[in-house]
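Chain IDs A, B and C follow the sequence of writing; residue 1 opens each chain.
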Amino acid sequence: MGDSVGDLLVLVIDLHPVWWADHSLTGVVQSSLVLSNAHLLQNPLNKLCVYGYMNTGVYKLYPTEEDLVAGESTAGKYEGFDVVNTTILMRLKDIMLECRDPEEHKQLDGSLLSGALIQALCHCNVMSKNLAIGNILNSRILVLKGSPDSRSQYMAIMNSIFAAQKNKVAIDSCVLGEDSTFLQQASEITGGTYMRVQDHGKLAQYMLGVFLMGVEFRKSFNTPPASKVDFRAACQCHSKMTDLGFVCSVCMSVYCGFRPICMTCNAHFKLPTALLKGKKVTGKRKLENGKS
Amino acid sequence: MGGGEKVKIRNIHEYIQKLPQTTQDRLYTHPATCLALFRSLTETAQQYVMRLLFIGQPFALNKLTSWAVNVREKANLDATKQLKSVRLWSVVKLDNGTDGVTLHPNFRKGLTTALCGGGMSWYGNHQLEPDKKPKTVEFLDSYAQERWECLLQYMVQGNSDSDKVSPDIANLLLQSGMINKHGSEHAITSTGFQFLLLNTSSQIWYFMLKYLDKCDTIGLNLTTCLAFIFQLSFSTLGKVYPIGSHATFVQHLRQIGLVYQRKHTSPWFYPTRHAIDFLSAGSNKSAERKEGFIVVETNFRIYAYTSNELDIALVALFAETLHRFEGFVVGHITRESVQMALQNGISAKQILDFLESHAHPQMLKCKPTIPPTITDQMYLWEMERSRLSTEEGVLYSQFLSDADFKVVHEYAQNIGCVQWSNVQKRLLVVNKKGHGDVKKYWKQYKKEHGE
Amino acid sequence: MDEEGDGYRWEGNYEKTWELIQETDGGLVDTTTTNAKREKRRLIQQRLSNVKLGVMRHVFLVLDQSVNMEDNDLKPSRFICLKRLSEQFILEFYDQNPISQIGVIVVKNGKGQKISELSSNINKHIANIKAQKACEGQFSLYNGLEIAFKTLSSMPSYASREIVIVAGSLTSVDPHPINDMLTQLAESNIRVSVIGLSAAVQIFSRVSAATGGTYNVMLDEQHLQELLRLQCAPPAATPTMEPSLVKMGFPPHVTEGPLSLCQCHVDDKSKAELTTHGFTCPTCASKYCEVPVECKICSLTLVCAPHLARSYHHLFPLAQFTETPTEELIDDSMVCGGCTKTFGNQKHVYRCETCNSYFCYTCDIFVHDMLHHCPGCESRPR
């Protein structure tokens, strides 16, 4: 008989300094803390793990190897929650102090969502493996994202999504900025919930109402409807979404028009027979070939 | 002999439900109570509370019913019933005339404070000097175990080793029906047996409930005690806390091993693991499972890997001990041993629950944990006892004529008290209740038809 | 020497298993180097790297349904066990190669019979395999290969053409010499792999060697499962496979469109119903319930982007981490780059050559088995 030993919630928070310079981080962090406390309250066996990520690295905020603080219930908060909250805030402060020059941040690529997801999945995996026989741990990851997607992480993110699907870890997404296709696909494939929150003031309310529940339990409550996920591919040459594409049979890269050599794997393609025979092709086709 | 009353453990919210309204209101001002009560709610109820928590004013009822996919579903109905029973959920009239729902204001404030802060410290503003010789977690664990086992040993063993257990506690055991006192000796009752087979958290919770029922007689305020218990269950192991105004109560808790105090007069105490874990029995959420030590085989052999006297005594309640080694005991579950346990008031289900909760990790690898032969056989042995049921009755025999017999028989049948009858032999058995009426009727009939 | 009366060798699966147990210095059982785990690491290390792969595959699964398959050395019978394992194989195959196609052929009574056409429809394949019941007659290698050959030879050349034969018999009844078939197969670049269930047979090993496939004979059920799983990984590309740009459609998923019938169930009266959701082909606007599928009207392959992404880890595999003893770590407080826990008393740690992070045993297996990306490399700015 599989005994459930509670739920594991992994919070992954985007800390990109340039994006947060225009938005208020404090309110969002407070809402996340309330969500973590509520999660730990629901069941004494529930577990929590928090990661913060930005474009310079991925940092584990909670739990830390040594106990950084001893909890106090001075403000009426339960001591256990106080330990968690203070640890997270202290670690956040350390990370923010290490931030480099803003100009340097603008030069670097986007936030390392792929690294954060991968570390979160490793954590879920290790926690499941360390259970006693017959116990099941339900894990899920909640991503709080603000800064836009960066296409260079596409492959790593897709692979982590498939690994999450195989390990039955749902990826929920709470997007604070623009819509993110990566997270839409992640939530759709792994069975999580995707939500975009425009009003950051009401964030705590939304998080408690939607993301506090476990995945199985969500079926009995009405959740925000699944957004229309764009499963099309973007072509390598223009990074444009396309309905119809040409796929290299060796390396699976997608192009919107014919090209003689693959950009990724340098495979040489045969020209289509129409061109070879010198047939008159339609003007549009010729123009395309001239461009590529 | 005989069933005795079944031990029923009330949930936290079932318990709070029965308290008077003013007590409830006072209780809800303590954040710890709100936390404990929240944890004992069902998942659906918890979700409703969380969604309503940060809304300041009453929320329209029709909008609330649209939250659930199927409002008529059992889980939703149970949740609303549960919330209403502890007065967390009250229906008020909104400005536009429709119904609105609001949370109990004290509860709302308490829970928000516990989650987010912004209130007062739970323990008052006592400044504590750090303990010069702090106690380790292992010491606290062994202390708690020793004290609690002392109590259980006192119950199991008939001879009065009563200097180990204080008179207050012994009195409480007597009053809650777990032991019977005969002069200076005491014997365990069937309720006591059932109590023994529960796991430690359930035992402590049941004991505390009985204590709270009686605490008015000892002169302690129910609200403060209850709030203190909840606060205790949310404390951290290994940390000191100030006693404040709960000196007497803390003494009692010290006797059963829920807290540790260096001396009677110390102003602070350490909570033990039992104090922190026992609330899980009240909230139906399981605490971390302790390692079990029992292996049951399909040939009805039972092996217990323990050298703890109490554990061995518990196993001996329903199984025949064959061999004892260092750290290893071999027993055999026989019909006689189980019948004896059943006679003492323990049910088969309790024995099986005990076996399952103390099952060795090796046994947990099999599905189901306990072999089906054992479970089925236990239930069969239990059912054997209910093959016969007895009822007192009165036998009417030696009717002089058939007509007389028929008249009496018909009358008894009309008032529905015939237990058995044999028309050829003119024998009739009537139950005790109807005997008076039948006798009166017969006398009247004889008089009427006169001798 | 085992005594004759004690049973067959394959029944002695659990003989002398205590010899596999190893003891640590303190006399306790060493659990980190049990046989199963060692096996797994070996298999992972066999994967190819820096070799051009044929990711788009057309595979025919040929199952032996002759009387030899009624033998019960695999419980309950070879054929029933094989049916079960084939289902698992098909599911895993589509998981790792979503844009490939499988077809199923059974050989009984000396004749081959195609029970499932080459397609991407998982459920149909599984249903057809389940429907096979009796085993009769003899196995025919030639006929089985011929049916597969007829279909595969007309497939485009950019995709790999493969046949996987699971044969339980030691004989074959063929109408024509096998060598003719061998030359035809080699010319058409069809790769034949054979998995034997009883003993090694010379003709099978010749067929696989001539076409560039593999030949294995199973030891027990678990080994058979592993052998089938090995076939899921894409093989190296043959020199004659020409790379080309394949036209594919990426249909949008419509959730609230007009009510219409889908093309996949248009022939099946029981399942056809008017629905609002589905995938619309970009060229001919016909609707399908699931992708990947080949459009019946304009024969355009319809896929969605994640399907292509599933094959990426074959093409860009993660390099193996080097195993170093824990004593050589620089300082004791180092944590695993994946789960950020200390290494405790593990004997070995695993180091990524690119980013110099160390990983524990669990994270190493997880990273190479499922993630295919190093956590250390991904957590550093590019």
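Throughout what follows, contacts are C-beta pairs under 8 Å (C-beta built on N, C-alpha and C of every residue); 3 or more make two chains touch, one makes a residue touch a chain.
Since the structure is predicted, the reported quantities are computational estimates derived from the model, not experimental observations.
> Among the chains, which one keeps its Cα centre farthest from the Cα centre of subunit C?
Of all the other chains, the one whose centre lies farthest from subunit C is B.
> Which chain is most central here if centres come from C-alpha coordinates alone?
So the chain nearest the centre of the shown protein is A.
> Mind checking the centre-to-centre distance between subunit A and subunit B? Centres are C-alpha means, answer in whole Å.
Spacing between the chain centres: roughly 46 Å.
> Provide the C-alpha centroid distance between subunit B and subunit C, rounded to the nearest whole angstrom.
55
> Please report how many Å separate the Cα centroid of subunit A from that of subunit C, as a whole number.
29
> Tell me, which parts of subunit A touch subunit B in their complex?
Residues of subunit A touching subunit B: 1, 3, 5, 30, 33-34, 37-38, 41-45, 70-82, 132-134, 204-205, 208-209, 212-213, 217, 219-222.
> In their complex, what parts of subunit B are in touch with subunit A?
Residue list for subunit B touching subunit A: 31-32, 35, 38-39, 43-44, 46-47, 50-51, 53-55, 66-70, 73, 75-76, 113-123, 234-236, 239, 280, 285-289, 361, 364-365, 367-369.
> Provide the residue numbers of subunit C that touch subunit A in the complex, in ascending order.
Answer in residue numbers: 52-53, 55-56, 158-159, 237, 241-253, 255, 282-283, 300, 304-306, 308-313, 315-316, 333, 335, 338-342, 360, 362-363, 366-367, 370-373, 375, 378-382.
> Can you list the residues on subunit A that touch subunit C in the complex?
Spelled out, the residues of subunit A in touch with subunit C are 53, 55-58, 60, 65, 108-109, 112, 114-116, 118-119, 121-123, 125-126, 129, 152-156, 158-163, 166-167, 185, 189, 226, 228-234, 242-252, 254-255, 258-259, 262, 265, 267-270.
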